[in-house]
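Structures for review follow.
Look at the two complexes coming up: subunit A is in both, with subunit B in one and subunit C in the other.
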Partner chain A sequence: MTLRASVRAMPTMLRVGMAETIAYRAEMIVWILTTTMPLVMLALWTSVAREAPFRAYAQADFVAYYLAALIVRNLTSNWVAWQIGEEIRMGTLSMRLLRPVHPFAGYLATHLAAIPMRALVVLPVVAIMFVTSARDVIVTDAPRLALFGVSVAGAWLLVFATFVAIGALAFFLEKSMSLVEVYFGLFMLLSGYMIPLDLMPGWIRDVATWLPFRYMLGGPVEILIGRAPDAGAVLAAQWAWVAGMGLAAALIWRAGIRRFEAYGA
Partner chain B sequence: MRLTYYLRLLWVSIKTSALTSMQYRADFVVQGLMSLVWTALALVPLLILYDHQQAVAGWDFGPALVVMGLFVIMRGVLEGAINPSLIAVVERIRSGSFDYTLLKPADAQFLVSTTKFEPWRVVDLLTGVGLIIYAFVRIGHAPGLGDLAAGALLVATAIAVMYSLWILIIAAAFWVVRLDNLTFLLGAIFDAARWPIQIFPAVWRLIFTFVIPLALMTSYPAMAVLGRLDATTVLACVGGAAGFFVLSRAIWTLAIRSYTSASS
Partner chain C sequence: MIRVRDLAKHFKVHKRPPGLAAALKSVIHRTYTTVKAVDGVSFTIERGERVGFLGPNGAGKTTTLKVLSGLLHPTSGEVSVDGHRPHKRDAEFLRRITLVMGQKQQLIWDLPPAETYALNQAVFGVSDADFAKTMAELSSLLDLEALAQKPTRQLSLGERMKCELAAALLHRPTTLFLDEPTIGLDVAMQVTIREFVREYNQRHDATVMLTSHYMDDVVALCPRVIVIDGGHIIHDGDLRRLVKTMMPDKRVSFTGTVAPDQLARLGRVVPADGGRTSIEVPEDRLREVVGHLLGLDAVHDLAIEDPPLEDVMRKLFKDHKPAEAAATPAPAAEAAS
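Take a look at the complex of A and B:
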C-alpha cells in the first residue's frame, strides 16, 4: 500500500528535492568546499613522496588516491542524520508521518535529488585528475569503471542507511548528534579517508575489513586507482553491509516511531 | 578606568559561561574526551609518516610535533573563545536582536566578541602544551629563554590575527546575512595549519602566509620556539598582525555604520 504510493510519488518528490537543492545552491557549495581534508593530505603526502616513493605509494599514486577520495566523498555524503534528528526534536516529524508515503522514501528523494548538483561540483576534480599525474594511475577500461560505478552507488546507499540509523537514534537519545561526531572519527580512521588503509598498521587494516567504513570510501577509491586486489570481494562485502545497515535503520526507526507516538505527538 | 570597566565586563562574561556549562557537567566531560580523541586522530598521519621517514620538507618528528601542539592550542582558542561568540552574533544580526547589543553603553565589538565562551576547551590548551613539552623531550634540549619569549609573542600575534580574520567575517555578515557556514569553511581551511607551512606547494605557501595567514598561526610561532626564526621576521609578523588588527577594526566600524537592523 504505502510502497505503491511511495513509488508513484517518487518522480514528484525528486523534482521537489531538485528544486530545493537549486534554491539553496550557495549553501550547498560552501558545504562541499568544507571538504578540504583530502586536499591537505594530498599536499602533505606529495611533499613526502617527492624524492622517493613512500612505501608502495609514489607521488602520482597519492595524487590519484586523494583526488578519488575527494570525488567519492562529495558524491556520497549527505546530511540526513541532522535532518532526522532535527525533525524528531522539533516535532515536525509528525507532519511527515501524516503523508501517505513512507518517511524513508521522502528522505531518499531529498538526498537523491542532490546528486546531480554534487556531480557538477565534482566535475572539475575529475578534470584535474586527467591533467595531473593521476591520469596514469586510474583505471580507464569500461569493466572496471563499471565496477567503480557500482561501488559508488553502494557507498552512497551505505552512508545513507548509516545516517538514517544514527538520525533515528534521536528517538532514544537526547544528544544523538555527538554520535555523528564519534561516527566521523571512526570514519576518518577506518575508511581510508585520512590515510590509505594500505599504509595503516596491519591490525587496523584487518579491523577495517570487517567494519562498514571501508566500503563507504576506501573500497571505491581503491577500485578506481586499481589497487583493490579483489574488487568482487569488496563489492560483495559492501552490498552485504548495505543490506545489514538498511535493516538496522528500519528496525531502529520502527522501534523509535512507537516511542514517538507514545509521547502523544 | 575604561580598562578596568572592560576587564570587569570580560570577567562577568567568562563567569556566566562557566556557570552555564557547569549545569551540563556530563557534557563537559564528554566534550573534553572527544577533543582528546580528535587530537589523537590528528596524530595518526604524523606517526605513520615518521615511522617510515626521517624528515619532510626539513621538519623532523619533534619540530613537526611542536607545530601540531600549537595547532591544538590555537584550535582551542578558536573553538573556545572566538567561534562561539561570533556564531551567536550572526544569529542576532539575522533576527534583529543585535539592536539591543548596540544600545548597551559599551563598545559593540567588545560585547560581540565576549558573548560566549566554552570553558571545556581548556582541555585543548593543556593537551597542546603537553604535546609541545613532549616534543622538546624528544628533541633532547629545552628551548632557550629568548626563543620561548619570541614564541609566546608570536602566539599572541597569532590569536590577534585569527580574531581579526573572524571579525572580518562577522563584518561581512552585515552586508550578506547568511554567513554562518562561512565560519565553518574557514574552520575547515584552518585544519591545514596542523602541518608545517613548508610542506605545501609554493602557491599555497604564499596564500597561507599572506591571504589566509595560517602560517602566522602555527608554523611561525613553532619556528620561533625552535630558534629558527630571526628577529626581523618576528618583528615583521608582529607588525603585519598589528596592521591587520587595525584594518579589521576599521572595516568593523564601517560595517556597523551601514547596519540598518532587521526590523526596519
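Take a look at the complex of A and C:
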C-alpha cells in the first residue's frame, strides 16, 4: 500500500472515475437537484428583504449569499459515506483490499473525478451571479478570490473526510447511514446552508464557530461575499478541522478494518 | 509455496433468540458464541500445484481462502504464502496473488471491462509492454475481444466471469485462490474456465487452490484434494487414492435390459439416469462381470468408471460425522462465508 503506487495510479484512477461519473450522469443530475435548497431560501429571503434590508442583509446580499451557497454546496458535496457503507455491508470492500493501493486513494479519485461534472452545473450559477444584483456584492479582487478558492478546497476535503468517517462507522454499526441524517440536520442549521449564520442568535453563531459545519459552507460563502472580516482565521480553523477530521477518519478506518479483517464479510 | 500450520479462525457471533423481549434484552446484555470456522488446519502446497479445496457449506473453505489472501486475520497459527504473511497485505504479496470469488466481482458495473483492466494496470504497476502481452494472451485464451468494450452490466454471467478472470490475472499472479469460479455457469462455460485455469497454471507454473461445488471442476483440474469439514481437515492427498479408498468398487453402466435377479448377482444396482443401467462391482470381479455382460446380446454401450466424486464426498462426510461430533460441537454457521 505504498504512497508512491497510489500517486502513480492516480491519473488513471481519475480518468476511470470520470468515465464512471459520466456513466452515472442521470443519477448525478438527480443528486444535484437535491442541493437546490438555497434557491428556495433565496426566494423566501429576497421577498422578506424586498421593502427594506433584513438586519444587515439587503436583497442583493441574499442573492449573492444563496447563489454562493449553491456553488459551494455543489462543488463540495459527495456520496462517499453511502459508497463506503455499502461496500462494507456487501463485502465488496474485499476487492479493494486486494489491490496494492490504499482504499482512501480510490475513494479520493472517484470523488475528485466528479468535480468537472459538478463544475458544469456550477458555471451557469456563476454566470447568473454576474447578471444579477449579486455582482455588486461578491469580491472580485484576485487575493480574495484566491482565498475563496483555498476555502472551497478546504470545504471539499472537510466534507470528504467527514463522510469517510461516517461511512467507516459501518464497520461498527449496522445502520450507520442513519448518522448521515443526524449530520444533515446539524449541517442545515450550523453551516449557514439554510440561514446565514449572521442572522442566527448569537449563541448559535458561537457554537457554529467551534464546530466543523460552518467551514464546510458558510465560511467560503462569507469569504466570497466579503462578510468574513478575518478570512485568515476562518481558513485556519477550516484547515485545522480538515486535519482533525482526516485523522479521525483514518483512526476509525484503522480500527474498523481490523474488525472487518477479523470478522470478514 | 503455501504453508499453513495449525491455522485457527474463530468468530465471535452475537446470538439472540427471536422476539421483542429477546431484542430488548440484547440491547443491555449481549450473549456471544464462538464459532470455530477453521480449527487447527495444516497443509503445504508447492509452487505449481493445483489443489481442490472441498467441503460442505460452512466447512471453512472460504474462511481459509480469505485468510490466505490476507482479508482475514488468523486467530492463531502460522500462514505463509510465497514467504509473505498474508494479513499484512504488503504490496509485494498482493502483486503475487489473486482471489477470484464467483459471488463477488471487481469489474466496474457500468463501464466496459477494459476500464477495470486499465485501472488494474495502474494500481498494480504493470508496464505497457507487459500489459499488452498479458492482455493478448488472456484474450486469446478466453476469447475476450468482443467483450472488453461492452459495458459490464450487458455481459452474460459467463462472459462476466471470463472478464473477471482476466482482470484478476492481469498482474500475472503466481498464486490463484479461486472460490467457486464456475458458480451459476452453464456446462460449456465451466469447461472453458477449467481449461483456461489449467493452461494458466501450466504456462506460468502458478499455484492454484480451488473451491467448487461442481465436482467436475475438481476432477478435471485437481490431482490433489484437501477436504475440510467442521473446520478440520479430514483428507489431504491424491484424488484417485481418495476415491479408491472410499469407494473401491467400479461403476459399470450400459444400455439395454438385463433381468433384475441376474443383475443383482453381478453387482450392486445403483440408480442411474438417461435410460442406462448401473451396477457397482468390486475391482477383483470386474473382468468376470464385464465379460459376462459383453456376452449378452441385449447389452450395448458399456462403460467402466469410478463412482462420481459427489458420492465419494457424501460417504466421506457421513463416515467422518460421528468422530467430528464427538470432538467439537458443530459450528452454528460459518460467519465469513
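Please note the rule applied: the second predicted complex is superposed on the first by the 262 of 265 C-alpha atoms of A that agree within 3 Å, B and C clash if a C-alpha of one lies under 4 Å from a C-alpha of the other, contacts with A are read in each partner's own complex, and residues count from 1 in each chain.
FYI, a contact is a pair of C-beta atoms (placed from the backbone, for glycine too) under 8 Å apart; a residue touches a chain by one contact, two chains touch by 3 or more.
Quick caveat: nothing in here was measured; it's all calculated off a predicted structure.
Colleague: Quick one: classify A:R258 as touching subunit B (first), subunit C (second), both or neither.
Modeller: In the superposition, A:R258 contacts subunit C only.
Colleague: Per the contact definition in the header, classify A:A23: touching subunit B only (first), subunit C only (second), both, or neither.
Modeller: second
Colleague: Applying the touch criterion given at the start, work out whether A:V101 contacts subunit B, subunit C, both or neither, answering first, second, both or neither.
Modeller: Only subunit C is touched by A:V101; subunit B is not.
Colleague: Taking the superposition on A as described, I'd like to know which of subunit B and subunit C A:A9 touches: first, second, both or neither.
Modeller: A:A9 contacts subunit C only, not subunit B.
Colleague: Just checking: does A:G185 make contact with subunit B only, subunit C only, both, or neither of them? Give me first, second, both or neither.
Modeller: first
Colleague: Applying the touch criterion given at the start, work out whether A:G244 contacts subunit B, subunit C, both or neither, answering first, second, both or neither.
Modeller: neither
Colleague: Show which residues of subunit A both subunit B and subunit C reach, each in its own complex.
Modeller: Correct list for subunit A: none, the interfaces share no residue.
Colleague: Of all residues in subunit B, which touch subunit A in the complex?
Modeller: 27, 30, 34, 37-38, 41, 44-45, 48-49, 52-53, 56-57, 178, 181-182, 184-185, 187-189, 191-192, 195, 199-201, 204
Colleague: Would you mind writing out the residues of subunit A in touch with subunit B in their complex?
Modeller: 26-27, 30-31, 33-37, 40-41, 43-44, 47-48, 54-55, 175, 178, 181-182, 185, 188-189, 194-195, 199-201
Colleague: Would you tell me which residues of subunit A are touching subunit C in their complex?
Modeller: 1-2, 5, 8-9, 11-13, 15-16, 19-20, 23-24, 91-92, 94-95, 97-101, 258, 261-265
Colleague: Can you list the residues on subunit C that touch subunit A in the complex?
Modeller: 11, 63, 66, 69-73, 87, 89-91, 94-95, 97-99, 101, 104-106, 108, 110-111, 115-116, 118-125, 151, 335-336
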